[in-house]
Amino acid sequence: MSPAAEDGPDLEALPGGVRAAVEAILMVADEPVSEYEIAAALVVPVASVQRVLDRLRAEYDGVGTDPGYDGTLAPRGFELRSTGAGWRIHSRSEFAPVVSAFVAEGQTARLSQAALETLAVVAYRQPVSRGRISAIRGVNVDGVVRTLVQRGLIRELERDGESGAVLYGTTTFFLEKMGIGSLDELPDIAPHLPGIDQIDHYED
Amino acid sequence: MSPAAEDGPDLEALPGGVRAAVEAILMVADEPVSEYEIAAALVVPVASVQRVLDRLRAEYDGVGTDPGYDGTLAPRGFELRSTGAGWRIHSRSEFAPVVSAFVAEGQTARLSQAALETLAVVAYRQPVSRGRISAIRGVNVDGVVRTLVQRGLIRELERDGESGAVLYGTTTFFLEKMGIGSLDELPDIAPHLPGIDQIDHYED
Amino acid sequence: MHPEEPPGPPGTGGFAVQLEDFAGPFEVLLSLIAKHELDITRIALATVTDEFLQYVRALHEIGSTRALDEASEFLVVAATLLDLKAARLLPRGEVEDEEDVALLEARDLLFARLLQYKAFKEVAVLLDERMRAESTRLPRSVPLDPEVAAVLPELDWRTTPQQFAEIARSVFTPRPGAPAEVGVDHLHGTAVTVRDEAEILAGLLEDGAPRSFRVLVADAGSTLAVVVRFLALLEMYRDAVLELAQEQPLGELTVRWTGAGTGWTADRLSEDAGDAGDAADAADPADGGPAPHAHPSPDAARLVSGASA
């Protein structure tokens, strides 16, 4: 990194400044983030990040912090929560029933054929990336993989060292559902299935 | 659904009302969501949801909609985008450099030149068969078409009644990646294509 | 795409194509046209054509596995060039017989194809820009809170390990039906080889008497054969076994055999006319994945028309 780059991005030149930069991170981070991580990414003091976080939390809760504003701020539908692991944006807890109705809508108790096939690929080829599952199944599997993770049947294991892609594997919940003690007990599928070698080839 | 349930949750009693309820749903959605789905979950008219979404989008962009507020609203670090696939919260484009480190499944690999050209042919000529794409590009496109299907950008639509050839078209995922509401918003190809009438005439 | 390969084949006179982004024969053709600043709608493509053939040949000589070795691609381009060459001989507006009309249409078709390809190439750039700009907005996609996830209907699992293995087996078994469609729309007509046509020409001319091109193609039978026979003529001229004379532009083309005693045979042509068949197992360079071959592996110099569709 060049010395110039160490100054970090010119946040004041960006719309919304540091506040917006912190929001941007919080909005898309897929796990809780600490104020230290945010400070490091933005190259600003931890104390400023802490101040921004406190202010955002209050703002989302409808507590006005803008001195020039007399009106009442309505709370937003999301809130900023801090746990030991860090900060994360959640749906506001009062809306849990609404959110649940939305999430449960269209969900069925049984897995679709597409989900079963994807699960089979993960079970027999783990650790495996989404790209590779897609290559084997010939279709985009992002949605199905999400469903299987939500269902607790598969989980993110690690990242591939080379490509950085997230690798998936099955869970103990999956073993429970299958009624087996370990993956070794999965029935053999013919090891010399034509095409398995070719499939390796499709990898991206 | 029982008549009672049709009344839905009493949103006005919740902090932030319908606006916050819509936000709460957007927070948990892991793919684009339509105004119809939101309206169904909240049991409110689609038109109200549409109004709320438009207002939220403006608000996040820093365009004030609160009549009691004179101050200048700063844009938030996130934005609400509407594409053909639906509505979804994104980090604001300007913050991409600071945000990407916090997202496990980073940027997807760029498409090759061959894939882009094939995608362009499918986008503008759909429904279109592989044979016809080959004829336009002057190369065999089977491998590229397979890649595009795997990446979820195009899909098999139907079979041509006459030739029985599989016809391909773009997906809503493609619209999402392009950030457009419908295929009508694709850049106009006409200026690039002198004498398109003639070409149509010669094709097949 | 093929970073291990040299940036360009040797001996092509500094001709540079965007090989990293190589996307097919039309691509090469277009970059040649651009290099010579030729208007694509004009017929003056002779230079381009010759350079292109050289390029193909050079690629072959260095044993490149690049796109042009792909049989189907070579066929389409070869046919395109043949027709471009043939079309150049025709006077504008002079359409007296059926063959002329066919060739004129072939020429228009080829220009239309190149123009069309160019247009799609241009909008592909726009799509790329748009998608790249869009990818700077990262979508929110976070795991559900446990309390929300708890509302999902309880999983109703009825699959036995044996059934599960059966599903796995079916997924890993290549689907046979999938690539059934063979992209032959652009390939049309019977195979006509330069070598065979050259042999016929040699036979017709061996007595040393001059003959007009019109006479030489009188028995050709199809536009395709006329075109291929014309290319054979060019190849033989290159080998210096023919003398060509044309009194005036667009006038009668007279051909005379001068190859007596040179030991020339038509077999020589197949050696350097761009052998496409031996690389039929090369991977599809377009996306890096293996492509099942939709086209039959052709003989070395077999040319199938892309213009008679």
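Letters A, B and C mark the chains as written, and numbering starts fresh at 1 in each.
Convention: a contact is a pair of C-beta atoms (placed from the backbone, for glycine too) under 8 Å apart; a residue touches a chain by one contact, two chains touch by 3 or more.
Every value quoted in this text rests on a predicted model; they were computed, and no experiment measured them.
Participant: Which chain has its C-alpha centre farthest away from the C-alpha centre of subunit C?
Facilitator: Farthest by centroid: A.
Participant: Could you tell me which chain's Cα centre is nearest to the average position of every protein Cα atom shown?
Facilitator: Chain nearest the overall C-alpha centroid, as shown: B.
Participant: How many angstrom lie between the CA centroids of subunit B and subunit C, rounded to a whole number?
Facilitator: So the centroids are 36 Å from each other.
Participant: Which whole number of Å gives the spacing of the CA centres of subunit A and subunit B?
Facilitator: Here the centre of subunit B sits 20 Å away from the centre of subunit A.
Participant: Measuring from the mean C-alpha position of subunit A to the mean C-alpha position of subunit C, what distance in angstrom results?
Facilitator: 46
Participant: Which residue numbers or ranges of subunit B touch two or more of the other chains?
Facilitator: In subunit B, 26-31, 78, 89-92, 94, 99, 103, 105, 146 touch at least two other chains.
Participant: Scan subunit C for residues touching two or more other chains and write them down.
Facilitator: Residues 138-142, 144-145, 148, 288-290.
Participant: Going by the contact rule set out above, which residues of subunit B touch subunit A in the complex?
Facilitator: 9, 11, 14-17, 19-31, 37-38, 40-42, 62, 66, 68-71, 74-78, 89-92, 94-95, 97-99, 101-106, 109, 146, 149-152, 155, 173
Participant: Note which residues of subunit B are touching subunit C in the complex, please.
Facilitator: 26-31, 78-79, 81, 88-94, 96, 99-100, 103, 105, 107-108, 110-117, 119-121, 123-124, 129-144, 146-147, 164-166, 177-180, 186-187, 189, 192-196, 198-199, 202, 204
Participant: Across the complex, what residues on subunit C touch subunit B?
Facilitator: 1, 21-26, 67, 70, 72-73, 76-77, 80, 108-109, 112-113, 115-128, 130-142, 144-145, 148, 179, 181-186, 284-295, 309
Participant: Give every residue of subunit C touching subunit A within the complex, in rising order.
Facilitator: Touching subunit A: residues 138-145, 147-149, 151-159, 161-162, 164-165, 167-175, 178, 288-290 of subunit C.
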